[in-house]
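Quick one: structure below, then a few questions.
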Amino acid sequence: MQILLQEPSFDAGALLNAFTAGAGNIGAVVSFTGVVRDHPQTPLTAMEIEHYPGMTERALEEIAKSAAQRWSLGDVLVVHRFGRLTPGEQIMMVAAAAPHRRDAFDAADFLMDYLKSRAPFWKREITAQGPQWVQANPQDEDALARWSKD
Amino acid sequence: MQILLQEPSFDAGALLNAFTAGAGNIGAVVSFTGVVRDHPQTPLTAMEIEHYPGMTERALEEIAKSAAQRWSLGDVLVVHRFGRLTPGEQIMMVAAAAPHRRDAFDAADFLMDYLKSRAPFWKREITAQGPQWVQANPQDEDALARWSKD
Amino acid sequence: MNVLYFAWVRERIGLPRETIETSAPTPRALIEELRSKDPRYAAAFADLAALRVALDQELADFDAPLKGVKELAFFPPMTGG
Amino acid sequence: MNVLYFAWVRERIGLPRETIETSAPTPRALIEELRSKDPRYAAAFADLAALRVALDQELADFDAPLKGVKELAFFPPMTGG
């Protein structure tokens, strides 16, 4: 299990290769990378990510552990940045390695759903119109319900 | 849309980075990498992948196009090897880039399901007990049904 | 008790953290106490549905007991990923 | 017509490809013709449920018309990915 919480950028490809090489005798690796998307209308100057030092690390570890308990996985990777990012920069990444492909897909999907709504990060978008906190999407909360008792 | 059909190994990390950089204004990239898994009981000497030159390229393109028609995607990548591979080697990779994460996940999942059962590859496992053709898994055929009319 | 604020809760209150002496039994009671103390708190805590609370770095309910808690944090729904 | 064989179909027939002159209207009819010709074909085509057919590099039905087809391939269910 690897958790990285950091301000600097990361190299998703290098992390994916190291993760795959280190995951043991597995058949499938699924990765998700989140990228700062520009706005079509009001161009985004920056995306600022605030977090809760201490709680963030605990939340990321708990989320990764839950995935590892729920599916048969070779390894789990969670990377999340904070600070000021510009459009096109990579915000975060998760990866799940498993003997079987369904487990790798579901675990990565689960990690993303939990990161969205249960890890203490708050995004603020900076445009020419000033800063604006990103509002939580009710669909993200609904997405979590998929993982309870099925 | 990028399709690679090749005998030599590929660098999944380098492909992921180039794919993400080239996908335009997207927010999410999901990748899947398939790895030759060793057997716990009878160790695998090699995995041989036979394919149907000509039809394979067409099938890979059709599968990638179907995904691009079905979801709002920035780009699609499909990489598949043939020939003789050893345990731990990477067989294939797909990636989907999209503005939104659900589309990227679903497209990658769809690409995998179609590659499993609709691209003309046949795997043969070589162990101390001799060569053995891998049998198609009925679950793989069932998985395809998920994508029809929903 | 150390009380931390994040995102727009921090901005409305104008502080990232403070030490509060309170005998409030729950986060809900503490919110009532603070609301009556200063309009900045009233503004930050206007809509409880838009607020989350963590006790000692674990998400908690507004009616969870504060007894023994060293660190409390108020913040909006999280937007990670 | 060029007829191609893959995987264990190729092994049982002992050839990767051959040119066949036939007036069979469908793959199913061609299979019957070949089965009666040689036990190697009978072995390869014993179980149609374990067989797939492609006409001009597109998956097809055993009852699809062969008229105009230049390349036909028989193979087991695919195991890609």
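Should a chain be cited, it is by its letter among A, B, C and D, assigned in written order, with residues numbered from 1 in that chain.
Going forward, a contact is a pair of C-beta atoms (placed from the backbone, for glycine too) under 8 Å apart; a residue touches a chain by one contact, two chains touch by 3 or more.
Keep in mind that this is a model prediction, so the values were computed, not measured.
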Steps in the shortest chain-to-chain touch route ending at chain C and beginning at chain A: 1
Interchain centroid distance [CA atoms averaged], chain A/chain D, Å: 48
Geometric centre distance via CA averages, chain B-chain A, whole Å: 23
Centre distance in Å when chain C and chain D are each reduced to the mean of their C-alpha atoms: 72
Shared interface positions of chain C, touching two or more other chains: 81
Where chain B touches two or more other chains, by residue: 34, 101, 112
Complete list of chain pairs which touch one another: A-B, A-C, B-D
Residues of chain B touching chain D in the complex: 34, 50, 52, 54-55, 58, 80, 91-92, 112, 115-124, 133-136, 141
List of chain A residues in touch with chain B within their complex: 11-17, 20, 25-38, 87-88, 90, 99, 101, 104-105, 108-109, 112
Contact footprint of chain A on chain C as seen in their complex: 4, 6-8, 54, 57-59, 73, 75-81
